[in-house]
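The letters A, B, C and D name the chains in turn, as written, and every chain counts its residues from 1.
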Amino acid sequence: MNKWDDLYLEVILDHNKNPRNNHKLEKHTHHADGHNPLCGDRVSINILMDGETVKEVSFTGSGCAISTASASILTETIKNKNRTEIKNLFNDFHNLVTSENEVEKKLGKLAIFEGVKKYPARVKCATLSWHALMAALEGEKEITTE
Amino acid sequence: MLFENIKDDFPILEQEINGKKLVYLDSAATTQKPTEVINSLNNYYTNNNSNIHRGVHTLSQRATKDYEQSRKIITKFIGAASSKEIVFVRGATEAINLIANSYVKPLLNKNDEIIISQMEHHANIVPWQMICEEKKAKLRIIPIDNNGELILEELNNLVNAKTKFISVNHVSNSLGTINPIDTIIKVAHQNNIRIMIDGAQAVQHLEIDMKKMDADFYCFSGHKIYAPTGIGVLYGKKELLEKMQPYQGGGDMIKSVTFEKTIYNDIPNRFEAGTPNISGAIALGEAIEYITQIGIHNITKYENDLLNYATSKLKKINEIKIIGEAKEKAGVISFVIDGIHPHDIGTILDSHGIAIRAGHHCTQPVMDFYNIPATARASFAIYNDKNDIDKLIEAIRKCIEVFS
Amino acid sequence: MLFENIKDDFPILEQEINGKKLVYLDSAATTQKPTEVINSLNNYYTNNNSNIHRGVHTLSQRATKDYEQSRKIITKFIGAASSKEIVFVRGATEAINLIANSYVKPLLNKNDEIIISQMEHHANIVPWQMICEEKKAKLRIIPIDNNGELILEELNNLVNAKTKFISVNHVSNSLGTINPIDTIIKVAHQNNIRIMIDGAQAVQHLEIDMKKMDADFYCFSGHKIYAPTGIGVLYGKKELLEKMQPYQGGGDMIKSVTFEKTIYNDIPNRFEAGTPNISGAIALGEAIEYITQIGIHNITKYENDLLNYATSKLKKINEIKIIGEAKEKAGVISFVIDGIHPHDIGTILDSHGIAIRAGHHCTQPVMDFYNIPATARASFAIYNDKNDIDKLIEAIRKCIEVFS
Amino acid sequence: MNKWDDLYLEVILDHNKNPRNNHKLEKHTHHADGHNPLCGDRVSINILMDGETVKEVSFTGSGCAISTASASILTETIKNKNRTEIKNLFNDFHNLVTSENEVEKKLGKLAIFEGVKKYPARVKCATLSWHALMAALEGEKEITTE
C-alpha cells in the first residue's frame, strides 16, 4: 500500500469524482463563499435552515480532490443537524485534521480525513468548506483562508 | 562526464522521502546546496566570524576580506565593470524594492508610467504597484501569447513620453520562457528609459555579462543559485547607483553622523545599512565558484537536454497539457492534468519521493491568463538527470491511474 | 558551575591568534556561535532545505514547520502575546527602517517631531533623519550626562503635541548604559505617543517580557544573540501591525495579485516579502533555546560579575579613563588611554590574541559629546571569564609601556 | 619579539611622540585636509612650493600613531623633491603598504611602514597624509578616505 492511500482513500476519490449536493440551492436562508487564494480553491455553501436545523445544504465551486470531497461529505453530514451539533462537529473535525493527538473516532465518515494531518499544507483544503459553513451560519458572506 | 556523479556533491539528495530516494524537482523555488557551500558556512562560524568593515582585530579583517572577496567573485561572474556595482541584498525581492524606492520613485510624477510584463513574479509586480499607488502613476503590461512568449510588438505601443521605467524578468519562473531582453533593453535605451532585469531564474542557467547586456539594473537571489537563503545581489551601473538616495539608514551606510547633518557613504556601502548577511555573502561567492568550475555554458547545455527529454516524455501523456511552450526555455516545465488538481498531483508525487511545486508560483496574472487556478511545476538543476525524469513520468502515470 | 566549560560550546574560541589563544571581547559587535547553532545551519541544508509556505512536498513542509516553530520560540522568549507579533527581518537596522517607513512616516506632517536620544546607534538615528527630511519634521534629542545616562527630566520638556513617535535603545552599545525604558514608555503612553525600543544590545543580557514592558515595537539582531548574520526580529503589537502598510512588496506578503488590485496578506507575512532567511530564522530559534537552557537571569548575573571585575581592574590603571559610568550597565566597557589612539590599542591587543573594537561604534554623537574621536571597547558574553579579563589588563599594561 | 613590533617600530613610536614639522606654515602655496571619518583621524598638509619643488612642508592634526608617524616622516621625505619625484614616491609607498608582492626597497625610511600590510584595517592610517598631500598638490582642498 502506498502512503498516499492514507489520504486519497477510495471514498475521497469517489466524492471527488461524484460530489454530492453539488449544485445551487434555489431557496436558501444562509450562504457564504470560501476562498483560498494560495491554491485557488473556491467553494460556496448554501443552506436552507428550518429554525435551528439545517433542512437543505449544497455546495458549488472548484478545488482539489481533498476540498471537493470534504465539501461533498460535509453536505451529507450536516443535513438535519442543528447549530450546536454542527459547531461540535466542526470542532471535532478541526481537531481531527490538526491535532497531533489521536482523536476519538466519533466522526463517522468524516474520520477518513485524518490522513490530512500528515500533510500540513493540505489541511486548509479539508477545512475550507467547513470554514465557509461556519461563516454562513454566522451570517458572514465571504471568508479567506490560507 | 561532468555531471555523472554530481548528486554526490549535494548531501540532501542522499535521503529517502516516504521510502523512496528523494527526487528534487523544485529548484526554481530554491536550489539544494553543494557540500562546499555548507562547509563555507561552517568554516565561517568555526573560524572567522566577526562583524566587518570597522574592526582592527584579526577575525574582523578576515571576515571583511572574505566578504569583499565574494563581491569580486560576483563582479567577475556577471561581468560587471567594478565591484562597486555589486550591492548585497536579501534577495531579488529586496533588490527590486530598493530600485523602486531609491531610483524610480523620485523620478515618478502623476500619470507617469512603468512597464512590466504579464509573466512577472509578484516580486516584480507589487513593488511597482506600491509606488504607482503612492505617486498616482500607472502600471502598463506587455502581454503574453498562448505559448507564453511576450508579444514584443506591443512594447513599442506601450512606450511613450510618460514611460519612466521598465522592469521585466529574464526567465519566467512559471513558464520557463527566456525573454528577448537584449531587444527590450535596446528599445528602452532608444527611448531613453532605464531598465531593470529580474534575473532570479536566469543566472543559474545562462551565462550573463553586464557589459554586453547593458541593463541598467539586474538582480538575483543567492538561494536559487546554490547559495544560502537571505542573500542576493543587486547590480547597478555605477553612475546610476552614485546618484541614488539610500534605501535603508543605519551603520556602515554613512560617512559621518551628527544630528544636524549626516553624510552618506560611497557605493556600494551606501545601500548596505546595518550588519549584512556576512556568512551568506561569503557562501554565495563559494557557490559561484562551484558552478564556474563546472562551467555555466556546460550547465546550460546539460539542463537544456534534460528539459527536452522531459518535455517529449510529458507530451506522450494525453491527459497532460504543458503550460508555457516558448521556443527558448530554461529549466522549468509547468503542466496541468485533466481532472486532477495540481495540489493533488503534488501530494501524490511527494508520496513517491518526488518534490515538485504546485500552485500559482507567485505569478497569479499568468494563471489568470491561462484561466487555471494553479499548475504543477517541475524545475531542473545541475543535480538532476534523466533517471529523475523517468521517475517523475512514472509517478505521474500512477497519479492519473488513481484518479481515473 | 554553569559557565565553567562553556568555552567548549564555541568552536571558534579554540584557535590561536598571533600565537595566543583567542580572547574574544567584541561580542557587542557580534557574538560567536555555539555548536548547536552551527549544526542547525548544517542540518537545515543537509536534510530539510526548501522554500517555505507554498510547497506541498515533504521538504517544504519540514522547512515551513521549523521556520514557524522558531517564531513560536521567539514569541515565548520575549513574552509576546501572539506569534503574529513576530516579524523576521535582516536585523535591528531593518526593523527600525521598517517602522520608520510603514508606521511613522504615514503619521508624520510638517513640523512634527520624533524623539530619540543622544546615545543612539546610527541605526536608530539615520532612518528617522531620512523620514524627517522627507516630511520636513524634526528630530529631538534626549541629552546624556557625563556618566552616560539619559537626562530623563529633559524628556518631559521635549514631549509635546507635535511629538509623533519616540525611539530609544534599551542598552547603549558604546556606553553599556541600561536605560530606564519602563519610565520612558510610561511617559510616552501618558502622552499618547507610540514608542519603539531598540533591543539590539539588551536581549542577550537581560530578561525581557513584552507584556510587562508594554513597548509598542521592539527589535533585535540575531547575530548579537548567538545566531547567524542576516536575521533579526521586529516585535510589534498586533493591533498596530495590522493597521500598517507593507514595507516591501513581493511573494508571500500578498493574498492575491491582479494588475488592478492586490490584496495584502495578514500579519506577520505582510511584512516578510520574498524568500526570507529561512536557515537563519531556524538557527535563531536554536540560539534562543540554547541560552534559555542556561537561563537568561543566570547570564545577567554572570556577566554583571565580569563587568564589575573588569571595571575595578581597569580603574587601577591610571592612564585609563572609562567612558560611560552609568549605575546600570550591561556587558560593555568603553575606555580611552591617555596618549594612545584607540586604533593603536586595538592593533596591539590583537597581537596578543585579544579582540576588542576600536572606533566610534556607530555612535558618533556619543563621541562628539565626550569630544573624543573613538574609544576602545571590550564587550562580554557568556563565553568570557575572569581569565580573559586578566589577559586584557596585562596586554593593556604592555601597550602603555610601549607608548611610554 | 612580539608581532606588533613589526608595525610599532621604534622609529614609528618616536615620530608619534615627537612628530617633525608639526605646525602651521605661515606662508604656504598649497594646502589640503585629510579626514578619515571612520576613525576620526584628521591631518592638514601645508606646502610652500618653489616652482616644481617643495621648499617647506608641515602638518597638523590628530590621529593614531601610524597616521601621525606617517605624516611626520612624509614631511621629512618630500622636502626639496619635485612633483614627479613625489608622485613616484606616492605610488611606491602605496604599493608598499597594499601590494601582496615584495616591494623593492628604494623607499628609505618610508620602508618601515611595510608592516602595515598585515593590518589591512590600518592601511588608511598610513596613507591618509599621502592622499592629502596629493590633493594639496593637485589643488583640492579636502579629501575623505575610509
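The criterion applied here is as follows: contacts are C-beta pairs under 8 Å (C-beta built on N, C-alpha and C of every residue); 3 or more make two chains touch, one makes a residue touch a chain.
This is a predicted model, so every value here is computed, not measured.
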Quiz item: Among the remaining chains, which ones contact both chain A and chain C?
Solution: B
Exercise. Would you identify the chain whose Cα-based centre sits farthest away from the centre of chain B?
Key: D
Quiz item: Centre to centre, by mean C-alpha position, how many angstrom separate chain B and chain D?
Solution: 46
Self-check item: For chain A paired with chain D, centre-to-centre distance based on mean C-alpha positions, whole Å
Solution: 79
Quiz item: Quick one: chain A and chain B, Cα centre-to-centre, how many Å?
Solution: 38
Quiz item: Which parts of chain D, given as residue numbers and ranges, touch two or more other chains?
Solution: 38, 119, 121-122
Quiz item: By residue number and range, which residues of chain C touch two or more other chains?
Solution: 18, 54-56, 60, 256, 343, 347, 350, 358-359
Quiz prompt | Contacting residues of chain C [partner chain A, same complex] | solution = 54-56, 60-61, 64-65, 255-256, 263, 265
Quiz item: What residues on chain C touch chain D, complex-wise?
Solution: 18-19, 340-344, 347-348, 350-352, 358-360, 367, 372-374, 402-403
Quiz prompt | In the complex with chain B, residue positions of chain C that touch it | solution = 11-12, 15, 17-18, 22, 24, 26, 29-30, 32-33, 37-38, 41-42, 45-51, 54-60, 90-94, 96-97, 100, 121-123, 125-130, 139, 141, 221, 223, 228-231, 246, 248-254, 256-259, 262, 273-280, 343, 346-347, 349-350, 354-359, 362, 364-365, 368
Quiz item: Contact residues on chain A for chain B in the complex?
Solution: 2-4, 7-8, 13, 16-17, 38-41, 62-66, 119, 122, 125
Quiz item: What part of chain D is in contact with chain B in the complex they form?
Solution: 37-38, 119-122, 144, 146
